[in-house]
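Letters are used for the chains, namely A, B, C and D, taken in the order the chains are written, and counting of residues starts over at 1 for each.
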Amino acid sequence: MSKMKAAILGASGYTGADMVRLALAHPAIEIVALSGERKAGLPLAQVLPNFTFAKGLPDLVMADAIQYDALDVVFGCLPHATSQKLIKTIMAGVSPPRIIDLSADFRLRDAETYAHWYGGAHEAPELQREAVYGLTEFARAALPSARLVACPGCYPTAALLALLPLLQARAIKSVNITINALSGVSGAGRSLKESNLFCEVAEAMAPYALGGHRHMPEMEQELSLAAGEAVTISFVPHLVPINRGELETIMVELAPGNSIAELRAALQVRYADEAFVHLLPEGVVPATRMVRGSNHIVLNLFADRIPGRAILVACIDNLVKGSSGQALQNFNAMFGFDERCGLEALPLFP
Amino acid sequence: MSKMKAAILGASGYTGADMVRLALAHPAIEIVALSGERKAGLPLAQVLPNFTFAKGLPDLVMADAIQYDALDVVFGCLPHATSQKLIKTIMAGVSPPRIIDLSADFRLRDAETYAHWYGGAHEAPELQREAVYGLTEFARAALPSARLVACPGCYPTAALLALLPLLQARAIKSVNITINALSGVSGAGRSLKESNLFCEVAEAMAPYALGGHRHMPEMEQELSLAAGEAVTISFVPHLVPINRGELETIMVELAPGNSIAELRAALQVRYADEAFVHLLPEGVVPATRMVRGSNHIVLNLFADRIPGRAILVACIDNLVKGSSGQALQNFNAMFGFDERCGLEALPLFP
Amino acid sequence: MSKMKAAILGASGYTGADMVRLALAHPAIEIVALSGERKAGLPLAQVLPNFTFAKGLPDLVMADAIQYDALDVVFGCLPHATSQKLIKTIMAGVSPPRIIDLSADFRLRDAETYAHWYGGAHEAPELQREAVYGLTEFARAALPSARLVACPGCYPTAALLALLPLLQARAIKSVNITINALSGVSGAGRSLKESNLFCEVAEAMAPYALGGHRHMPEMEQELSLAAGEAVTISFVPHLVPINRGELETIMVELAPGNSIAELRAALQVRYADEAFVHLLPEGVVPATRMVRGSNHIVLNLFADRIPGRAILVACIDNLVKGSSGQALQNFNAMFGFDERCGLEALPLFP
Amino acid sequence: MSKMKAAILGASGYTGADMVRLALAHPAIEIVALSGERKAGLPLAQVLPNFTFAKGLPDLVMADAIQYDALDVVFGCLPHATSQKLIKTIMAGVSPPRIIDLSADFRLRDAETYAHWYGGAHEAPELQREAVYGLTEFARAALPSARLVACPGCYPTAALLALLPLLQARAIKSVNITINALSGVSGAGRSLKESNLFCEVAEAMAPYALGGHRHMPEMEQELSLAAGEAVTISFVPHLVPINRGELETIMVELAPGNSIAELRAALQVRYADEAFVHLLPEGVVPATRMVRGSNHIVLNLFADRIPGRAILVACIDNLVKGSSGQALQNFNAMFGFDERCGLEALPLFP
């Protein structure tokens, strides 16, 4: 297998850390550059404990010190809004690498929606339009030729995998979709905020971003495309004291003439051949411990006590399927490898 | 203050432990008997670590070894279905104590509903009808003369305090009420089940009892009374790796002609003079760390992104306001003490 | 009871938070000022979640905006090295309040030792000499007349209470004392350091400050006084993913002619009448869950497998007995109240 | 690579679970049988959440229903004392498989020591003598021809890897070795004991088995062999609220004429070529987050404040290097594979 030369930008955060961990174990990737602005000059092992004895990793450098034209692929794990300008520059190169961006910068297709939710005009609107929304299972046609892939946010990944087949099959209504989400703390990143301190989070829980989380317009964009009409959702994320793991409990209304059985069938048919998406047997309750550390998603469907409604439950590891794992799955699809390559690790329990 | 002689039944579980902790600190309670069937004969300190150096506590005995006629009050912390027969016997005594029952046995007024959800006929249906449903803030008229008080479940406590004023004010619709709840593990009790083991729960989360939790009919009973018509709710509880704490995120539909402001006003008016129920200032997000270890409940109200809907958030300590604290608050109301007596402790943070 | 007017400096940190929580519940304290440099101007409830509904608390101000001469007592919860100058100024007032300092600034009596461990000369060496080292159980003679009390560090509190009676009785040797300590994260304070982030600490553990923790000279100072000769200890603290709690496992060598029984007797005699220090029955293992949220310390003594040695185990809540609780106990002793006043709360379990 | 047919006994516990996880990913192992006495008849996915979507695993059966003669290797993950009789029977077969036992049954070579610590005579003393003590890095000469390998306990694994080279080099004294250990809860297994419940363990810590843990004689056996004289150690294990991870802080006395530098050199030389044993750079503190989920061990060495003494710190994942990972490493050494085969996974952080 000839190796692809890769850079990972923002390697010192939690998403970057998992990107490096997965890329290092991939047989077709050679990591040739790692960036980390505030930690440039340091070996990764001094910044992330789990690379203490990893071998052959380059030291962290400034992102603009990397020779991008010599690369095959760039994994962007930079904070939101800091990627777009850099990526525009990289892609303007002579023989630019392909970009797999894990930030939110290229997820929204509409310039106005972006400006509204991110508080300013996009610096590369033409790329915003070009970018492929990389929910792998629904993006396969576009990935092999994509120059720029925007990986979905962690919440949208779980929600869309649960909802898209049902909307596409017109099995559920496109109104009154309610998503209650629980996330581990790694989803908030490694930044020094009081709300991320151990003593604030441990033995505690709370919702956040009530009515205004940036993953909302992203979900609505993709759900609207699937439904063929504008979809407005209700979404409440909660912070829970675990490192990694994400759980969504989704309430939907059945479309006329549909039953739980028909919804189940729609998911079953859609995901029968998927390596990472698992509709559990009837009655089995999804739990994050089923997927911890892996690229899998477990889904199930239950009748609600209120007639005409159903409850969907989906669990992922927010750093893997919700972030770096999906990015690697996209890499596989883009470069013609088996999608499972480098992602076969079983979940870790306990 | 003349002291009331009290027995606490089921003192070796988590609910019993908190009942003893609170009762011990109450200036008008003298604990004269503690029961614990499997641990009878042992000092409480050998069974519960936090009583290692508590003084003056009687040893655990079998519940039927207690002289109930000599008592003023009994706090029943027995598992569900094990209380009803014993309580019937106690109340048939010559000068029986008043009973504050924390189990589910006397919460449901309807014999058939009870039989359906608890899998068998009630053994004291006449007491089931007599029992006062002890949501203190809504039961004050009945408590002073009550012989038997059934304390609400932890989930109903938070949900009802959030919803009852809104239903009574006809500010929300009685349909499509959706309750997403997160609970710490102490809510599951101290029984030796694999699902309660540290390694199953830590760094993990999952919903449970999907579509069929026993607190559902209890909530529906009280919501229906408030609404003046039958209410069917959607309720999904989740287990989260913390010891104590409970959070509910409740979606409601506004009644015609109502706005968030009107809902806020209804809660504000109703709870202005309550010692333990706190509507937070606009925009402040309730969190369990605001109430840990205390008898307080924090509430707030937010506009949903879906027009015509609102999101309510409520946080309690499931073992205090959701259980033993509320029982003590009922004791205060029943016996004529200030409701705050013995419940003034501030929350513990961190 | 006439109330003492108190200020609490550094009220927005974890130690300050517990100081306010305890002081608020004390019947003889009136909190008239709270300082918090970076959060001056805010109500405490916006800074600490557990004061969300506390009543009657003054807003945070700058420490130098407080009128100290009008006060009876000041509780200093400022970071190390920031207290000494301010306290010197306060004590130079016309009718200065008495000072209970929880920082490390006045714990070391020797100016050179201070300079060595804290990296600079002390700014109030005369007060350093005057300050009473406030390990309450061993400082009672001096407390009633003390103008300035330096409360011990959390690690020294547990270690000294375990070791002082044994050294004073010459029951153990003064050499080869080894202290292995485990601490919850609140001991590290509320500062924004990467090492305090939830994801760095949860599901993890590590030692720190190997060979050079600042509590070492403090322990050696007091142990040397008790032993009547210079004592050098081995001390290794570890960080463990809990909010509050501290455990020390201490290895000692028996003095010639002594047995475990004699050591046990020495502790028993010394602590028989203490309200907060508990030597557990033989064989009962101390655990932090016995003391969580309370001012108690549990101790026990075990034979080591290596002949001639013993193992001491001590557990405290680092924020209460290890910090704010002990400060309040000192307040009680200084002002003539029962030492237990305001500190009767039983531990919280689970 | 021709595949070895393997059975895993006791597959439904935590050790068994990790043994299956690792064996499934090993390119030269085919799992043909899994035993689980109480769960016989069930698919593993119903018993362990992380195998929800693993493919090709046989259902659990009773251990005596397995055809052992058809196998190449058996991994024994049964509770202590339940293995010896079964293994004796298996090894008496016509063409018995080779046995890698993870229980304590064959770790002690001396029959009397076994009887003393395990409360009864061994049922296969001849095998007890034959068994190879499988601390891989020190057992390589014997492994290729071993019929029965007894894998070390988790605590001995970390302690022996830290101490053996120093004792063999006579760089430390063989007296006064003190081992303070912290372990995650998975080390206590999956049995239904109150002490393993989430609410007993979370936000808490305590030592256990003071003076009498069964890993003591195992460590003393191997340390004595290395020292050439009887070694008696002091060992105190503590339970800490994490799932997986083990940390040992070891105090030793330097042998005359030795310094920290010489100890460091002894470790460096011994482990220079080891794939899984890492002496960290001077001053870098070992932490469990460096090894979580991996087969690595990180070690370091520090000067003690007491002259003439040193502090060793070692961290492993108790379920991997301390148990199933080391078993697989032994398998590789026994069957002639690269020791790293199937064990390349990087640690998981966060």
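Note that a residue touches a chain if its C-beta (ideal position, glycine included) is under 8 Å from a C-beta of that chain, and two chains touch if they have at least 3 such contacts.
Predicted model only: the values in this text are computed from it and were never measured.
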By C-beta contact count, B-C versus A-C, the higher one is B-C
Work out the mean Cα position per chain and let me know which chain is farthest from subunit D. B
Compute the distance, rounded to whole Å, between the mean C-alpha positions of subunit B and subunit C. 37
Centroid distance [mean C-alpha coordinates] between subunit B and subunit A, Å: 39
Whole-angstrom distance, CA centroid of subunit A to CA centroid of subunit C, is 46
Considering subunit B alone, which of its residues make contact with at least two other chains? 14, 185-186, 199-200, 202-203, 241-244, 287, 289, 292, 350
If we count contacts the way the header does, which residues on subunit A are in touch with subunit B in the complex? 175-176, 178, 180, 182, 199-200, 202-208, 210-211, 216, 232-236, 238, 240-245, 247, 249, 251, 285-289, 292, 302-307, 309, 311, 313, 315, 350
Quick check: in the complex, which residue numbers of subunit D touch subunit B? 14, 185-186, 190, 192-194, 196-203, 241-243
In their shared complex, at which residues does subunit B touch subunit C? 14, 17, 21, 24-25, 48-54, 185-186, 202-203, 243-244, 278, 280, 284, 287, 289-294, 296, 298, 319, 344-350
